[in-house]
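Each structure below appears as structure tokens.
What follows is subunit A paired twice: with subunit B in the first complex and subunit C in the second.
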Partner chain A sequence: MELKVNLTFHNKKITGILTILPSNIVKFEDEMDNYNFSKAKSLKLKLAMGYNTHRIAKDNTTVSDLCVYGLNYLFEKDYLKKEDIDALILITQSPDYFMPPTSNVIQGKLGLKHDMICLDINQGCAGFEIGLYQAFMLLEQSEVNKVVLLNADILSKKVSKRDRNSNPLIGDGASITIVEKSDKPNVINCNIKMNGTGYDVLMVPAGGFKLPSSPETAEMKEDKAGNFRSLDNLVMKGDEVFNFVQREVPPMIENLLKSSKRDIEEVNYFMFHQPNKFMLRKLADKMKIPYDKMPNNVVENYGNASGVSIPTAICHNISEELKSDDMFLCFAGFGVGLTWASILMNVGHLDFCEFLEY
Partner chain B sequence: MNNTKKLNEVRKEVVAILQEIRPEFDFSEKIDFIEEGMLDSFDVVTLVTTLDEKFQISIDGMDILPENFATIDSIIELLLKNGAKSESDFS
Partner chain C sequence: MKDFLIDIAELLEEEEIKEEDILEDFEEWDSLTILSIIAFSNEKYGTALSTIEINDSKTVGGLKKLIAGKM
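The block that comes next holds the complex of A and B.
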């Protein structure tokens, strides 16, 4: 199926990526008894899905804590100057408050200048791409020269520990991506699609204005598959997510390559959102992309922290290469919304590309 | 699929794989495994991973639908679709 929303940007570049991870590491084996299946089965799934360890934020940690900690690190290291930040974009589904925007909270905590834009966007699995599109659009303005893209989520707090669909793979974290104007006449090809009829495939049913949290919404109930969760918890229809991804992502990438007049061999890495190993391997097989060009090792090492998963994959797999070389990367995010989006761009000679523990 | 296995041998192999995944059920019976609750979505993941490995194929993600795992016949059909050079390999 031909995609209609193909976006093109010029003269923009990523100059640094920092991924901030909670220091608290939780092992799959330590949580196996919470789930309604045998140990033998759990261990088989561990291999197939890539369950192993995940990073879980402590109870009192917020998204703004992770972002402020990371930004202060960049200021201290002189990777970033406060006065250079013209826009702060925060992509999160776990804001500190309903109001005000958490990006304003971060701006205030850091004492950033007032002559700038703070923007919260509610997005998840495709949040890295959506955030980059927004950054590229802001950079079209003559007065905007440097945008800080923050992807951050602490959704483990919304996942039931007895939900085997979601709990083994969830992760918390934040990433900071610096996006700037470039003198080079580079072309960035992108595309995006959304299908709001699938809004309930990945959701937290209660806690908003439609269904405020109450003792009733906090009641734990067992679903058909033996998972226990309440309406306050995140619910994922795993089968539907899987089928949506397998159906929509390969033609999206095919279309992106076609509109960019590129082929798979010209792309150094396919840095995709990291839902689980099984899903990514099936995508790679379908698109005939070698596994070593499409890393799938984020869930097993850190868990899936929504829009943070692509920066995490980059920092884990190719940080050294990106500091010294230029590479042609394909990003793809897919999930909540439903949303699916991809970007093909040159990335390299980064000022920094690293992890920071909180 | 790089083999000349006879249909019955393949059938036996598939049943053995299913029995290993859910030993509490009898997969030789002609019933709908999904409707009867004998296989859930996580069993399907384990089954696909095992079939991929055993038959050296990669079952297409678009084919990972409940109806394709409902009976031994549907699973064999899936294997043919995703790897067998021709139906005669199995006949």
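The block that comes next holds the complex of A and C.
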């Protein structure tokens, strides 16, 4: 199927990436007893999905805490100047409040200038791509020169500890990506698709205005597979996610490469959103991409923190290369919405590309 | 689908399986095995199965029929 929404941007670049991780490390084995499965079966799941340790934020940690901590670090290190920030885009599904926007909260806590835009966007698995598109669009304006893209989520708070389907893979974290204008006439090719009929494939059913949280929505119930969760918890239809990803992502990437007149061989790394190791391997198999070109080690080390998974993969796998060299990267995000999006762009000579613990 | 029984036996970690065997009765039957079957049938036969369909197919033979019907 031909993709209709192809986006092209020029003269934009990423100049730095910082990933902020909660210091609290939780091991898969420590949570096994919560699950309604034998130890042997849980260990088999661990192996197949690539579960090991994940980063879980403390109960009182918020998305704004992670972002403010990371931004203050960048100011201290002189990687970023407060007055240079023309826009703050926050992609999150775990905001501090329903209102006001959490990006405004962050702006206020940091004492940033008023002459800027703060924008919250409700997106998850494709949040890095959606955030970059928004950053690129803002940078089309003559007076917008530097955009700070924040991806942050602490969705572990919404996942039932007794849900073997979602709990082992979830992770918390935040990332800061600096996006700027570039003098080089580079071309960035992108595409995006959405399918809102799949809105319930990944969701938190209660807690919004349609179904406010109540003692009833907090009631834990067992599903057919033996997982316990309430309507206040995140629920994922794993089989539908798998089928959706296998069906939609390979043609999306094929189309992106074709419309950009590029080959798989020219791409240094396919930095994809990482739901789990199993899914990434199956994608690589289907697309005939070698495993070493599509890193799948985020979930086993940190967990899947939605839109933060690609910045995490970058900081974990290629931070040194990206500081000294230029690389041709393919990003792809897919999940909640349903939303799927991909980007082909050069990234390199970054001012910084590292982890920070909170 | 000539290797079907061998392939499914491998996913179920059984020596040998028969078409009339009930899926739920296998010791290894759980959500991970179901996902393995979804991935396997996607890879080998190009079909998209759901957990509900697989559970509803009841037996090994029923599963075979489900996949064949989607090919």
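Simple rule for what comes next: the second predicted complex is superposed on the first by the 358 of 358 C-alpha atoms of A that agree within 3 Å, B and C clash if a C-alpha of one lies under 4 Å from a C-alpha of the other, contacts with A are read in each partner's own complex, and residues count from 1 in each chain.
Following the convention adopted for this analysis, contacts are C-beta pairs under 8 Å (C-beta built on N, C-alpha and C of every residue); 3 or more make two chains touch, one makes a residue touch a chain.
These figures come from a predicted structure and were not determined experimentally.
Taken together in the superposed arrangement on subunit A, subunit B and subunit C clash. Shared-chain residue A:355: touches no atom of subunit B or subunit C.
By the touch criterion stated above, A:69 is placed in contact with neither subunit B nor subunit C. Looking at the shared chain after the overlay, A:243 reaches both subunit B and subunit C. After overlaying the two complexes on the shared chain, residue contacts for A:283 are found with subunit B alone; subunit C is out of touch. Shared-chain residue A:328: touches no atom of subunit B or subunit C. Residue contacts after overlaying the shared chain place A:44 against subunit B and subunit C alike.
Residues common to the contacts of subunit A with subunit B and with subunit C across the two structures: 37, 41, 44-45, 48-49, 164, 225, 238-239, 242-243, 246-247, 278, 282, 285-286. Across the complex, subunit A is touched by residues 28, 30-32, 34-36, 38-39, 42-43, 48-51, 55 of subunit C.
Subunit A makes touch with subunit B in their complex at residues 37, 41, 44-45, 47-49, 164, 225, 238-239, 242-243, 245-247, 278-279, 281-283, 285-286. In the complex of the two chains, the subunit A residues touching subunit C come out as 37, 41, 44-45, 48-49, 164-165, 224-226, 238-240, 242-243, 246-247, 278, 282, 285-286.
Across the complex, subunit A is touched by residues 21, 40-43, 45-46, 48-49, 58, 60-62, 64-66 of subunit B.
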